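As written, the chains take the letters A, B, C and D, and residue 1 is the first residue of each chain.
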Amino acid sequence: MEQNLNSLNTSDCVNRRNTVSSYNVKEMMSKKERLAPGHRMCAGCGATIGVRAVLRALHEEDHAVIANATGCLEVSSFMYPYSAWEDSYIHNAFENAGATLSGVETAYKALKKRGKLPKDENFKFIAFGGDGGTYDIGFQSLSGAMERGHDMVYVCYDNGAYMNTGIQRSSATPMFADTTTTPTGKESVGKMQNRKDLASIIADHDVAYVGQSTFTLNFNDLHKKAEKAIYTEGASFLNIMTPCPRGWRYNTEDIMEICRLAVETCYWPMFEVDHGKWNLTYEPKKKLPIEDFLRAQGRFKHLFKPGNEHLIEEFQKEVDRRWENLLYKCDR
Amino acid sequence: MARKDRMSGNEAVSFAIRQINPDVMPAFPITPSTEIPQMVSTYIANGEIDTEFVPVESEHSAMSAAIGSEAAGARTLTATSSAGLALMWEELLLAASNRMPIALALVNRTLSGPININCDHSDGMGARDTGWIQIYAENNQEAYDNFIQAYPIAESAGVHLPIMICQDGFITSHAVENIELLEDEEVKNFVGEYEPEEFLLNPGKPIAVGPYSVTSYAMEAKKNQEIALENAKDAVLKVAKEFKKISGRSYGLFEEYKTKDADYIMLLIGSAAGTAKQAVDDLRAKGKKVGVIKLRLFRPFPADELATALKGAKAVAIMDRTESYNGNGGPLGSEVTAGLFRNKVMIDTVNYIYGLAGRDFTVQEVYDIFADLEDHIENGTKLEQFKYIGLR
Amino acid sequence: MNNGLEIRWHGRGGQGAKTAALLLADVAFKTGKYVQGFPEYGPERMGAPITAYNRISDEVIRVHSNIYTPGLVVVVDETLLHSVDVTAGLKEDGAIIVNTPKSADEIKPMLNGYQGKVYTVDARKISVQALGKYFPNSPMLAAAVAVSGIMKKDAFISEMRASYQHKFAKKPEVIDGNMQALELTYEELKDVL
Amino acid sequence: MRTDISKIDEQTSHQDLTEGLMLFAGGTSKQFHTGEWRTRTPILDQDLCRQCMVCSMVCPDSSIPLKDGERVEFDYDHCKGCGICAKACPFDAITMKEGR
């Protein structure tokens, strides 16, 4: 386990300094930036933090083709004639980043085979989609691409709702979240269903590699998973929690704390499935109560009204159940 | 040298694909086009071609993957029919707006509902405004010849648009008929290598495809796409001219059959044209001045050229093998009459809907239609301008 | 269509009537004719009545409609006579071939008063004798060629040998049986043609 | 045929736009200055900075560049002033100032 290298404790500077130096952050950060500034994402957006972390895992000598599902990231990062992408980039539609990139990857195979591309130039293939384009409308296309085993990585930047269209619920939205299609009211306490566990579903496609991660202060966990996903032959999937200050209703600067709480409460477990082997990549020393994560966000404000304690209990039960289930899968 | 053979329309298109050996083919099976991906897969399995086949999980993904592959710099095609084309609809628009010269073998079949597997043109006509070049075939020979001309047209400078090569489901796709095939080498030379100037997989020369566009650019982009589609008309003629050199077979925007002195002309698309030509021969033998125009290129639509070709006729039967549900006729009827009006060719027209969902269209019905037109002109019999034929 | 022959096949899904029609197109093509072979398609599965067609001509064939006034009808399954009007539109100077152990005279009353020529072939007997199994399409194909006279027997036999050698390259044991079935069919029809 | 986006703006006529609105170039967004959006501005105290690079990692706008292995001044042309870097800095070397 790597949790020692991967501490999330923001109050311990010394520990953090050790952590940071342990995977040569300087070297990592000195790499050429592959996501240019000047894109139109909201100030404080989690998605582009995630994109940058994933792209840093690309080896500098390798080229990439990035595919992007319609969503915040796409409309903000390639608004004609401004592209934030230093690599080749293709946006096609909302529901088909998986299929589109599988076409690109197949073309690469075909052109390489026929000697139409330089032998010594390598391309990697990375798709980015939000949870709408991944869990929901793009699910079939993703499932198909994963099942066919294209040598690509599909990265879901999961911010738990359709943020691009104005914070409508998705199947990744957590239970009880207040969204514009699950608004709270006299007869409603927000979304009624638990979120879909997409990382497990993709793992059950028997793909080469699946990783679930989010932002830790040193980004070591995410970096390693991204590198494994990109450089493991075959289809890989990364599920990255990328908070959305607008949809979750927190102050932009708090993003790292939100991520820490998600992980420490076991709301967002950090794990990977490497060729079918489940590994827990981080285990909190002391699991925090879920209300710590919920309280930090405006979308759960109604849960803290008197009389709604049972809802938080229910949420906690679900988190516990999923965590136990994960421990079992990871043979812990 | 030409080789005489016999094969079905699906076999003919698959054979053309074998001779072209494109880079990538994503496809999902649907009757009656299913045989095409099957046959291509068999060619690949036998090592006759080395196209990469992507067995996608839907037609939407087929066209999505095709766009990805074409943008990546690979010559790409797919095949489909009916609901498959309908499921692709969003992607058809994107293939065109992204200016991807993808080829699609469309085996025409009616759209649901009711669900039915037989031929009409509701699928192709439903996609008529997606920005694709559309070419229709009368028989297996034309399906083959058109497919060989597809890439040279689509990849032409100033065009760069996707192309749909259509043939009638079952009627030609599953009917074995005589055909003349070109030699592999002739086809290979004719189609040539695909060498796009800019593509995703060009190391060190990144491109970006599929932007969000604010209004200030989007309308201009659509105009550019329209210009490219207009340019396709010249490309179709130019490629046809070259094709004649290797095949001896002539193609244009449409075929005029005994129309020069014709008083009555039937204008139609696809396999029924052959039936109509047979009827014209029979009627000519009886002294009737009748003719047929078979439209080959439906998109871009040769409105002016058709108006000129129809100018001398007394009346025209415009045949649509699809219902438009607009209360005003079929797509061919609407477009031809608009073209006639704009060119101030004021002749009588009747727009017939025929052959929906596989309803047979017979020589006898062609006789009947010409008789109706003649009766209308000679005796002043009133004739509805929009009617069904072959309906119980 | 001038100077051509139009043939309609009646069979049941899975019996090979469609294949027989395509094989007949193949054979006729080899003689330099213009041909068409096409089934009438629906979602029918095994056992349902199906129809297939052939046009064979010395001139280019352009008509793409079904055949309504055939010169020859081939019935691959006798039981269809009860449910399908197999002689509909059949020309009186044409002919019908029925796969049955019965004689032509026994079949005639079942044909809605059809006055043209009637031939019968016991394809089951022939097939079982030649192949050990019931595959009616080789005998019925031979009968169609023999009755229509679209090509001479010798030419037909040699064409079919080549065709079977190609088709059954991986199952050579089937070739001789099929060839024998063709011969037996000619034998059976010898006296009536 | 590489795209020079300085020749493309909202007045450009249709003939002069790129085919299919494709862009034959990468990273052109640098020419769009999102720093304009900023209402709070991060300020670095060089003395407190230990060059741990956390700020650069957490920046959503790629606006904390490195030079020769050291973080240099903020890219104020693009920084939107979200404040993530200031909060994440383990050494309190970044403070947010109101205004641009």
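Here are some notes:
Keep in mind that, in the parts below, a contact is a pair of C-beta atoms (placed from the backbone, for glycine too) under 8 Å apart; a residue touches a chain by one contact, two chains touch by 3 or more.
What you see is a predicted model, and the numbers here were worked out from it, not measured in a lab.
Farthest from chain C in terms of Cα centroid separation is D.
Separating the centre of chain A from that of chain C, both taken as means of CA atoms, is a distance of 65 Å. The distance from the centre of chain A to the centre of chain D, with each centre set as the mean of the Cα atoms, comes to 22 Å. Between chain A and chain B the centroid-to-centroid distance comes to 44 Å (mean Cα coordinates, whole Å).
With centres taken as mean Cα positions, chain C sits 35 Å from chain B.
Residues of chain A in contact with at least two other chains: 78, 80-81, 83, 85-89.
Residue positions of chain B with contacts to 2 or more other chains are 98, 206-209, 211, 213-214, 217. Multi-chain contact residues of chain C (touching two or more other chains) are absent.
A complete list of chain pairs in contact reads A-B, A-D, B-C, B-D.
Interface residues of chain A, counted against chain D in their complex, comprise 10, 13, 16-17, 20, 25-26, 28-30, 33, 35-49, 52-53, 77-78, 80-89, 215, 217-219, 251-257. Taken in their complex, chain A has these residues touching chain B: 63, 65, 67, 74-76, 78-81, 83, 85-93, 95-96, 98-104, 106-111, 113-114, 116-118, 121, 123, 140-141, 143-144, 147-148. Residue ranges of chain C in contact with chain B, taken from their complex: 1, 22, 25-26, 29, 34-39, 41-43, 60-66, 68.
Residues of chain D touching chain A in their complex: 3, 5, 8, 18, 21, 23, 25-34, 37-38, 50-54, 56-63, 65-66, 69, 71, 75, 77-78, 80-84, 86-88, 90-91, 96. On the side of chain D, the complex with chain B involves touching residues 1-2, 10, 12-15, 17, 19-26.
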